[in-house]
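Take a look at this one; I'll ask things after.
Read from first to last, the chains carry the letters A, B, C and D; within each, the first residue is number 1.
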Amino acid sequence: MRKCTAANLDKLFAAIAENAALYLPVDDEKGTAQYKKWAEGTVMSNALNTAKSPKDFFFPQSEDLMKFKTQGKTIELTDIRDEKEDFVVFGVRACDVRSFDILDRVFLVDPRDSYYASRREKGVIVSLACSKPTETCFCSAFGIDATNPAGDVTAWKTEEGFFFKANTEKGEKLMASLEGLTEECTEEAVEAQKAKTAAILEKLPLADLDTDKFGGGKTAELFNDPAWAELSRSCLGCGTCTFVCPTCQCYDIKDFNTGREVIRYRCWDSCMYSEFTRMAHGNNRNSQLERFRQRFMHKLVYYPENNEGIFGCVGCGRCLAKCPISMNIVKVMKTVGGKKDE
Amino acid sequence: MQVNEKKPLIVAFCCNWCSYAGADLAGNNRLAYPADVKIIRVPCSCRVNPMFILRAFQRGADGVIICGCHPGDCHYTSGNYFTRRRMAMLFSMLDYLGIEKERTRVEWVSAAEGAKFAATMNDFAEKVAALGENKRLEDLRCKR
Amino acid sequence: MSENREALIPHIGVITDVRIDTPDIKTFRVVTPDGKKAFDHRPGQCAMLSIPGVGEAMFSITSSPTNTEFMEFSIKKCGCVTEWLHQAEAGQQITIRGPYGNPFPVDDVFAGKNLLFVAGGVGLAPLRSVINYCRHYRDRYGKIDIVYGSRSKDDLLDYKEIIEEWTRDENVNVYLTIDREQEGWDGHVGFVPNYVKELNFDTDKVAVLCGPPIMIKFTLEGLKSLGFDKTQVYTTLELRMKCGVGKCGRCNVGAKYVCKDGPVFRCDELDELPSEY
Amino acid sequence: MQKITREVLIEKAASLLNEGVVSAVYGWKKGEFVYDVTPALFTTTEELEKEFVWGDFCGANFSKYLVASTRKIEGKILVFLKPCDTYSFNQLLTEHRFDREKVYAVGIPCEGMADVSKVKAAAGEGIIAIESTEEGLAVTTLYNDAPVVVPYAEALAERCINCKSKKHVAYDELIGEEGDVLESGRFDQVAELEAMTPDERFAFWQNELSKCIRCNACRDVCPACTCEKCVFNNPVSGAETKAPMGTFEEKMFHIIRAFHVAGRCTDCGECSRVCPQDIPLHLLNRKFIKDINTHYGEYQAGAEVGSRAPLVNYTTEDVEPCDVFERGDKNA
């Protein structure tokens, strides 16, 4: 384990930024944390987490895929992906680190999504352990340890400064490049913080959230649960939950005609949108109930069914904070399938 | 060094009954106005949806002008009165968003006012040219 | 499957021939610009065709894999992409990517069996590839029965091929039907599900269905009444797709993605899925 | 702190349900925490007693839900309306979006709603309990031993600080006393922006609108946005864009959204409340309202049923578009 004193932090950031683009959470003028590129003078946010998830780094909200030029009857195709430079994302929380694993299981299975894959290769993740979880946190329900996140490098922030532990080859390389700014240290301070945070995690209001009702193979049991109707009744059908979610990965591919050429781009889409599954001969999810159910069944049943039981939710709590009508996965988990327990 | 002297591209929505005929008259009388004014004929100036105007800017217009019959002379009695309100509100909003107000204009041009049409276009093109390229409502994908 | 297949970037394809099948269905022959087949496929698989600026859509490959020269797509005019395609002429380039989805189990489950194909309307398109595959390797399969129906005789797809090739094959029986009486038609008149029941097939076969959902529903009931088990019946589904590779999240029925785990499903497998298709 | 209690509302709802006057009740349903209340439909007294809440976080406006639910539900629906909600209610009636006969509207007084982000800013993260006291909201968090009291004035949502009216403009029955239309400073911030230079204004909006993630929550929650099919959902409109591509699309979306509700927007403030990126969308709507008031005479959408919205109206003496710029904008 290596330590960087608070006084050396800016130098550390500068050193990282020398070799790669460094992104870290920064407070905006309203005090909301968002990932920003580091520049001299950038102050890292103290917020628990960013408003938008860091999935943008690997799966941006919109990206150009290719370009077509048509002339008469012929088409010329050019791959126009932007070759991203090496980059470091600093301060990713445990929940969001898990979300990358969840996305990997979608984008990196055959046939591999090379747009996603190349970003994944170029990015180094420095995670940051939580010390002040909030009431909307429920990552522990999905087996995530907020005090000891994964990532290429794990960081802990205490009053003394930052503590780092490399977990992967990429992480070791990064830490090696920072040797002059860090010093070898014991794990005492980190262990103390872990214990303190663990005690808070136990006290969280959502600490006892139960996932047993869900998981692969539960489709038949849960699909026709009467609770879906009431839960989805007030749903506006907006895409807030899906767009702030670190694991939502549905996308649309669309063409934009600039007048000279056609750009085919990919952008996030939401299963909550009424047009999501509309096709020429109809729509197989016509009501908001069906669309709402799809989102939660996907995270809690379909995804684990296809991915060794891993849930498609990381408990980051963004949807709890952002849903316009305060309907969210926690309320769904507490209600759906509940009748059987009684 | 060659200075890029890109001429401003102007989209003019002209109502079929007055302004388009006015443009025609300007042409018949050989009154010059910039070739970069692209006229789009609409049945009435009130056919112009705010989206049309924004789309024009997106696709590379540097200025958008709407021409209709003089108030009171609308072929459909009241179309241009609605245009007047809508465009007043829309242009005020664009101004509020910091988009140069000289890039948008509404002008009433009758079928007999060929000279006014040409003069209006010349004046508008000049004002827009002074502002330079439209940067604030541009869509980079549509730029070269 | 080739290694490191690029998921979203298509090949350029050229439409070399457009055949007018019915008033709203045309069959397009597609090759690469250098005149080859764009990729190999198995019977029942699909491909994404697109016209830049119009859109991309999934179509079943109607030509048999045994055709090594080109691919064919029978396309009914019903949306933006298909409407555009219907206006296309020979020589037009489009984009094509695939193959997607699971094929029919022609080499294991179907091998040595008697086969019954039931299709309605443009539903013949995905079946034509299997039928021709089985006809090509005739000795691998038992008797083949084909029941095909459409609204009218003008709406029968591949009519020429059916009459000139299929009906002349040994041990292949073709039963055609149309919904309503029509001048110049002396064949069977009536809906496909009823015809299947009337024909009273033996249950010693594997059945493959494709057509409008309502036809599939009633044909399945008909087959059940004849004594067929759901494990003997296969069908192919269609839902909205964007990526074709199980990532865009739109064509799933329960935990299954039609583009990846389908489009071919055995009917008892479908029963386990939620009724959302 | 709200003047009426939850019990009063439950009693009213229960008696109307039991008398058979209404078959369902729109109300706020208790969440996991104090502040995350969800709009819900209650059909039994038991449900009401168990889950109905009324307090400082019941901001959701039910008016728009009536459009769909009055078509689906048999019998009358009881809806509780805060003063600002009644304007949306009237506006929807003006546009014939639902059948008035199917609704039983109960006006309830409102002392203003709290904004949870302001509460969090004042009391810290990790809220486990909030109590409404005389002094303000007493907030208990995971990290405070004793509750922190946040005065109401500090916790109030922006739209409530600038409350335009405590008067109910529509109801079948009113609980509590009738309030008055208020003089508010709701256009002050619009005026501040108008007084800036175009460059400053551009920078302000560029910064705000670039945060947009196109979740469409502002549109979907808006009681004035009730088109059966929105142009931004219609693939053949050419405007169906799902992601902010560059900077144009987000401007386009927000200009069109605001323009489409211009003259019909009652300034209920739901758009800004729901925005996950905290974009001050109400400043776009208020600009239109302010302009309309200035040029076409004072107009409050929803103040009365049947009034003609200013943008579907005209006079022969209207101001010319070029003259609209003549006010305020001294720097340009």
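Everything that follows uses one rule, which is that a residue touches a chain if its C-beta (ideal position, glycine included) is under 8 Å from a C-beta of that chain, and two chains touch if they have at least 3 such contacts.
Computed from a predicted structure; not experimentally measured.
Novice: Count how many hops through touching chains it takes, at the least, to reach chain D starting from chain C.
Specialist: 2
Novice: Using the touch rule from the top, work out which pair, A-D or A-B, shares more C-beta pairs.
Specialist: A-D
Novice: How far is the middle of chain A from the middle of chain D, if each middle is the mean of its Cα atoms, in Å?
Specialist: 30
Novice: Measuring centre to centre with CA averages, how many angstrom lie between chain B and chain C?
Specialist: Comparing mean C-alpha positions, chain C is 53 Å from chain B.
Novice: Which integer distance in Å separates the CA centroid of chain A from that of chain B?
Specialist: 46
Novice: Could you tell me the distance, in whole angstrom, between the mean C-alpha positions of chain A and chain C?
Specialist: Spacing between the chain centres: roughly 39 Å.
Novice: Pull out every residue in chain B that's touching 2 or more other chains.
Specialist: Residue numbers touching two or more other chains: 141.
Novice: Two-or-more-chain contact residues of chain A, please, as numbers and ranges.
Specialist: Residue numbers touching two or more other chains: 252, 256, 269.
Novice: Using the touch rule from the top of the page, what residues of chain D touch 2 or more other chains?
Specialist: Residues 235, 245 of chain D each touch two or more of the other chains.
Novice: So how do the chains connect up here, line, ring, star, complete, or something else (other)?
Specialist: Other.
Novice: What residues of chain B sit close enough to touch chain D in their complex?
Specialist: Going by the criterion above, the answer is residues 50-51, 54, 57-58, 71-72, 78, 81-82, 84-101, 104-106, 136-141.
Novice: Which positions of chain D touch chain B when the two form their complex?
Specialist: Touching chain B: residues 190, 193-194, 198-206, 231, 239, 245-249, 251-252, 255-256, 258-259, 262, 284, 287-288, 291-292, 295-296, 310-316, 318-322, 324-325, 329, 332 of chain D.
Novice: Taking the complex as given, what residues does chain A use to touch chain D?
Specialist: Listed in rising order, the residues of chain A that touch chain D are 29-32, 34, 48, 51-52, 61-62, 132-136, 200, 203-206, 230, 233-234, 236-240, 242-244, 252, 254, 256, 265, 267-270, 273-275, 320, 322, 324-328, 330-331, 334.
Novice: Okay, in this complex, where on chain B does chain A touch?
Specialist: 59-60, 141-142, 144
Novice: For a test of understanding, state which residues of chain C touch chain A in their complex under the given definition.
Specialist: Within the complex, chain C contacts chain A at residues 1, 4-10, 12, 52-56, 78-79, 82, 89, 91-95, 239-240, 242-243, 245-252, 254-255, 272-274, 276-277.
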